[in-house]
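Heads up, the next two complexes both have chain A, just with different partners, chain B and then chain C.
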Partner chain A sequence: MKYGFYPGCSLEKNAYAYNQSTMAVTKAFDIEFVEVEDWNCCGATEYIAIDLLPAYALISRNLAIAAKQQSEQLVAACSACFLNLKKADHYMGESHKLNEKINKALAAGGFNYEPGSVKVRHLLDIIYNDVGIEAIQEKIIKPLYQLKVAPYYGCLVPRPAKMGSFDSNEYPTSMDEIMRALGATVVDFPLKAACCGGHMTQISEDVALDMMRRILKNATDNRADLIVTLCPMCQFNLDAYQESVNKKFGTKYNLPILYFTQMIGLALGMSEQELGIGKELVSAKAALTNISEEPPPKPKRVRRSKEALPLPVLEEV
Partner chain B sequence: MAIAATLARAPTFFDEVVNNTPGGDPHLELCLQCGTCGGSCPSGPDMDHTPRALFAMINAGMKEQVLRSNTPWYCVSCYYCMVRCPQEIKITDILYTLKRMAIKEGNYRDSTASDAPGFSETFIDFVENYGRSFEVGVAARHHLRHHPLKMVGMATGFGLDMLLKGRMDITPNRIKGLEGLQAILKKAKELGGEA
Partner chain C sequence: MSKEKVGVYVCHCGTNIAGTVDVSDVATWAGENNDNVAVARDYKFMCSSLGQELIEEDIKEQGLTRVVVAACSPHMHEKTFRGACERAGLNSYLFEMANIREHDSWATTNKEAATQKAKALVNAAVDRVVQQSPLEPIPVDINPNTLIVGGGIAGITAALELADAGNHVILVEREPSIGGHMAQLDKTFPTLDCSACILTPKMFDAGNHDNITLLSYSEVESVDGYIGNFTVNIRKKAKSVDEELCTGCGICEEKCPIRVVDDVFEAGLGYRKVCYRPFPQAVPKFPVIDRENCTYFRTGKCRLCETSCPTNAIKFDQEDETLQLTVGNIILATGYDLFDARRIPQYGFGRYENIFSSLEFERMVNAAGPTSGKIVLRDGVTTPESVAIVHCVGSRDKNYNEYCSKVCCMYSLKFAHLVHERLPDAECYNFYIDMRTPGKGYEEFYHRLLEEGTHFIRGRVANVTDAALNDNEVNKLIVQAEDTLIGTQRRIPVDMVILSSGVESRHDAKEVTQLFKMGCDFDGFFIERHPKLDPIATMTEGIFIAGACQGPKDIPDSVAQGAAAAARVAGLIQRGTVMMEPVRAHIDQEKCSGCRICNNMCPYNAIVFHEDRNVSEVVTALCQGCGTCVAACPSGIISGAHFTNDQVFSEIEGILWDVSPEKVLA
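Up next, the complex of A and B:
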């Protein structure tokens, strides 16, 4: 399987562990990535807030290069990069005027882009749909038995709806399925697609910290050993600001935040170092010792107590 | 967009918002005032007006109050409102439009989120000059401009940890085709205007 690949600025440094583990895991599944040559920043959620056309022109330069390299499908691992690339392609296709103006701008740098010529997809989509659960299971050497994980999807990969999503917009389950396939125990996590606050820490730290607190609380209340994510921004916020959350709210959350590719890599028998484990600020060391060689005992079926209130019964017609 | 082409009157604030939102029709005129957006919003309680209220204000032509509110800047871009809106209004996109308009008109300076555009501007400064973003530079320059005291916190808090873990660059990376990119951005700025 061959795809175009757009790393994005975060994967260069802040989320280098995500980059490393993505490369290690995709290689194990014979996925070939052709990096967008001399790619530029997608503008994150910032450029679009300042000036519309340059923001879209900035994103489209990457699409144009990917098309030139004949990548029919372009993969991004970062949520913001993924949504920006996908949205630019989609809106250029929807609005003739926008398309015309952006192509005029691109021409100034010697590029052009025909909307629809590159299909933008997220890494999770590739691993879940193109590699598939069965192929992952076949390669497992070291199952993650008894490790309790809370898969966290954030906002930009599951939403918005109108451009076609590969999973539910509000209650996605693809990463849950992958984690279960690895042998891990997936805990209930109602806030799995809630927002980590994004760049809100720079605008109102109080608002941002409260958003992170809710997510950390929800995962801790459901007894997760760690949170698994697919986004560099979510990882950074929940990891680097966890201490600030604890300080502000008097809590004692101690949840390591790892990438889903690191979890897959562990189950495939790769070393922690190879996967960039140890780069997280809240150490995953203690949590990972919960991995057992034995699968968890099957939960016993609990019979309803006779003293419980009767359930309503539908009348037969 | 279609509305502007068929109007026989000067465009209203409502038209301006619609015409500056990219892609197809944002369906702003379809708002039922149901409040699903505000109820779904993680930062809704901290906003001056929820999106629902803001849309009624746009309809009423309250340009200054809308652009001075902190609402667009407190939008975290999570898209919950957009997937839940029964009228399929492109709420998040409209809030981005309002951010751009607030900067253009300068109203944001009076809002409770007055340094928010500064963060975005610092961010794009680096993108325009290097082609890549640069976290250390963005954070440092933003705080120097707006909250110098926070710099101390950054250096002693997780900033140092991030540096020690090798998760931050000391210098920005520059792309090879920077001149071409700058030419593209310059042209895009010239073309400007509605989407």
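Up next, the complex of A and C:
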């Protein structure tokens, strides 16, 4: 399997662990990445909010290069990069006017992009749909038995719906399924697709900290050992600001935030070092000792009282 | 061939056609360019009596031998214009219609192209009509028996109407008892009548009527034939109970040691025995044994029902039975399915135990239901202090069903009323998008609820969660919604959530349409003959629809449609015969080589082979005019009346009038 790959700035710096683990895991599944040559920043969430046209021009330069490199599918691991690339491609296809303007701007640098020629996909989509649960299971050496994880999707991968998505927009389950396949126990996590606050930390820290608090609280309330994410921004916020949250609200959250690729890597028997585990600020060391060699005992059937009414049955995922 | 005198009439249909097609140009052009056209006119509304008179006068005064009307779909007005021709003494099969509305003016805004296409369609119709021959419709006797599929309130109403008028009805119901969804309800909006009290007398009547044959626990397996003469096969599933011997005493049900969750009648909120009647007032009174869960059928042991039956009516060896019946008309009243709220995971149904579906709540508030009418949480004992009712679950939502389910606002209001009535201290919240209460006494009921103190919050619910953000929310279900009237996000912690799920077509609606050879729309609701003027008939003659299988409907609407369908059928029965299109195949006996290829092709077994003469022949009474044999005949000597090769080829040539043969071949 061969794809174009757009790393984005965070994978070079604060999310280097994501980069490392992505490369290690994709290699194990024979995925070949062709990096976009001389790629540039996607503008994150800010530039689009300030000036659309240069923002889209900046993003589509990467699409143009990917197209030139004949990458029919372009993979991004960072949620913001993924959404920006997808948005630019989508709106260029939708608006002839925008397409013209952007291509005029691209022409100044000798580029050209035909919307629709590159299909933008998120790394999770590739692992879940192209690699598939079965292929992952076949390669598992060290199952993550008894580790309780809260899979956290954030907002930029599941939404918006109108550009089409590979999972539910409100209650995604693809990462849950991958975690279960690895042997981990997935806890109920209603806020799995809520926003972490993004760059709100820079605008109004109070608002941002409260947004992070509810996510940390929800995962802790549901007894997660750690949160697993697919987004450098989510990881950074929940990890780096956890201490500030604790200080502000007088809480004692101690929840490591790891990438789903790190979890897959662990189950495939890769070393923590190889996967960049240890680079996180809230150390995952203690949490990872919960991994057991034994699968968890079958949950006891809760005896319901005689008066209790039957429950609607959810199909087992 | 002598020249025909064709009259061409181009209809404006107000601006429906004239707004896009230059109608006078089309008429003039037809008069000038087709030698057979004697008269060509355009007129505002051809279907009006004046428009029809125009045709009649021209036939009489100008001696027209053929008529073409370019207007709407023949489904709409072919009958109208055929009538005009007949009145003026012209055989109605010498008339042809060109559809320049649905196939032309409505399909484009390009005037030039539309006018060009209208000319081609008119030209084709003229070229075809000159090839047509006079035909006479074939009278068909109507079998006076009627099949009604579905024993809900719509089907029961239709059955009683027909039976009371002296006609025999076969009422087929899939479940062990008739009654449908209405039997599950406690109160009906807005009058708060007890649902069972008004329904059970009708069920009893339907079950005991001399003119109604009730086949419960049965399904239609195949349908053949046509209006007046349908042959249906009905599979009577084995009840394992001999109806001749059973008295309906209920001892077997009492003795049965196995109980399972009842997903049908109790909507999953309660249990039933394996040997069961869905509810005490079930009609017919006979229980059935659910073989899938029965210990005897699984292990060969138990037999408690059999040993306890005082009349030895339990028959484990009973087998499914197939009945073949002939009926003249069919009414489909197959009802609806409730939207499964598990499909919206963020609403938490199935994940949080104190979230209930609307039918679960109907059963809960029903005095005969699992909690004897007490409103309690899933533990069966705790009384909720606050209840949230979420409207539009699966309705008015592009991700699920775009349409409004019509009944949910009203039943949600009824729920709120019942909460106030039974739990006077509880807070009740209604989360709605728009309050839709059109109906007699409905808006007044809404006002009553406003007075009763229900909190109405206008906003679609984003999610229901147990993720508490503060102490007030701990151990509660939090309903989050944007209150669009005050423009803010609201989080309301409650003990109980009711999801007002919408109405969906039956999961097997598509198979049913295939079985009965009619159509359903994208949502699975059966398609009526006309959305305004004929919501009762279907495009298939002799098949009628009633109730929620046609679209979301409340009880009074379903009853009205059931009665209307019965009236339509009664009319046909009274008439006794119906005229069928004389579109039939004919084999030229002189030229038939006796190859017999057509014999097996015919889906109606309407072709016989004469060994002595070595030729095949079509039995006109059985032929349905489908045309399969016409296409299959290797010698090309089978012709379909009104669809002869000459007629079809002339039509094609007519439509391609402006295309040179070279171009066609290229």
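Here, the second predicted complex is superposed on the first by the 305 of 317 C-alpha atoms of A that agree within 3 Å, B and C clash if a C-alpha of one lies under 4 Å from a C-alpha of the other, contacts with A are read in each partner's own complex, and residues count from 1 in each chain.
Everything below uses one rule, namely that a contact is a pair of C-beta atoms (placed from the backbone, for glycine too) under 8 Å apart; a residue touches a chain by one contact, two chains touch by 3 or more.
Note that this is a predicted model, so its numbers are computed, not measured.
Applying the stated contact rule after C-alpha superposition, one finds that A:L314 touches chain C and leaves chain B untouched. In the superposed model, A:L53 lies in contact with chain B only, and not with chain C.
In the superposed model, A:K252 makes contact with neither chain B nor chain C. Residue contacts after overlaying the shared chain place A:N218 against chain C, while chain B stays out of touching range. When the two complexes are superposed, the chain touching more residues of chain A, out of chain B and chain C, is B. Legend: residue contacts after superposition of the two complexes on their common chain; A:R303 is shown touching neither chain B nor chain C. By the touch criterion defined above, A:P190 reaches chain C but does not reach chain B. In the superposition on chain A, A:N14 contacts chain B only, with no contact to chain C.
In the superposed pair of complexes, A:E170 makes contact with chain B and with chain C alike. Judged by the touch definition given at the top, the superposed model places A:A161 against both chain B and chain C.
Shared interface residues of chain A, touching chain B in one complex and chain C in the other, are 161, 169-170. Of all residues in chain A, only 161, 168-171, 173, 188, 190-191, 214, 217-218, 221, 304-315 touch chain C in the complex they form.
Every residue of chain C that touches chain A in the complex is listed here, in rising order: 261, 268-271, 342, 344-346, 348-351, 353, 357, 360, 364, 370-371, 376, 378-381, 399, 463, 465-469. The part of chain B that touches chain A in the complex is made up of residues 1, 20, 22-24, 42-43, 46, 73-74, 76-80, 82-83, 88, 92, 96-97, 99-100, 103, 113, 115-117, 119-121, 123-124, 127, 131-135, 139, 142, 157-158, 161-162, 165-169, 173, 175-177, 180-181, 183-189, 191-195. Considering their complex, residues 9, 12-16, 38-41, 43-54, 56-58, 61, 90-91, 94-95, 97-98, 101-102, 104-111, 155-156, 159-162, 169-170, 194-195, 197-200, 202-204, 206-207, 211, 240-241, 243-244, 279, 281 of chain A touch chain B.
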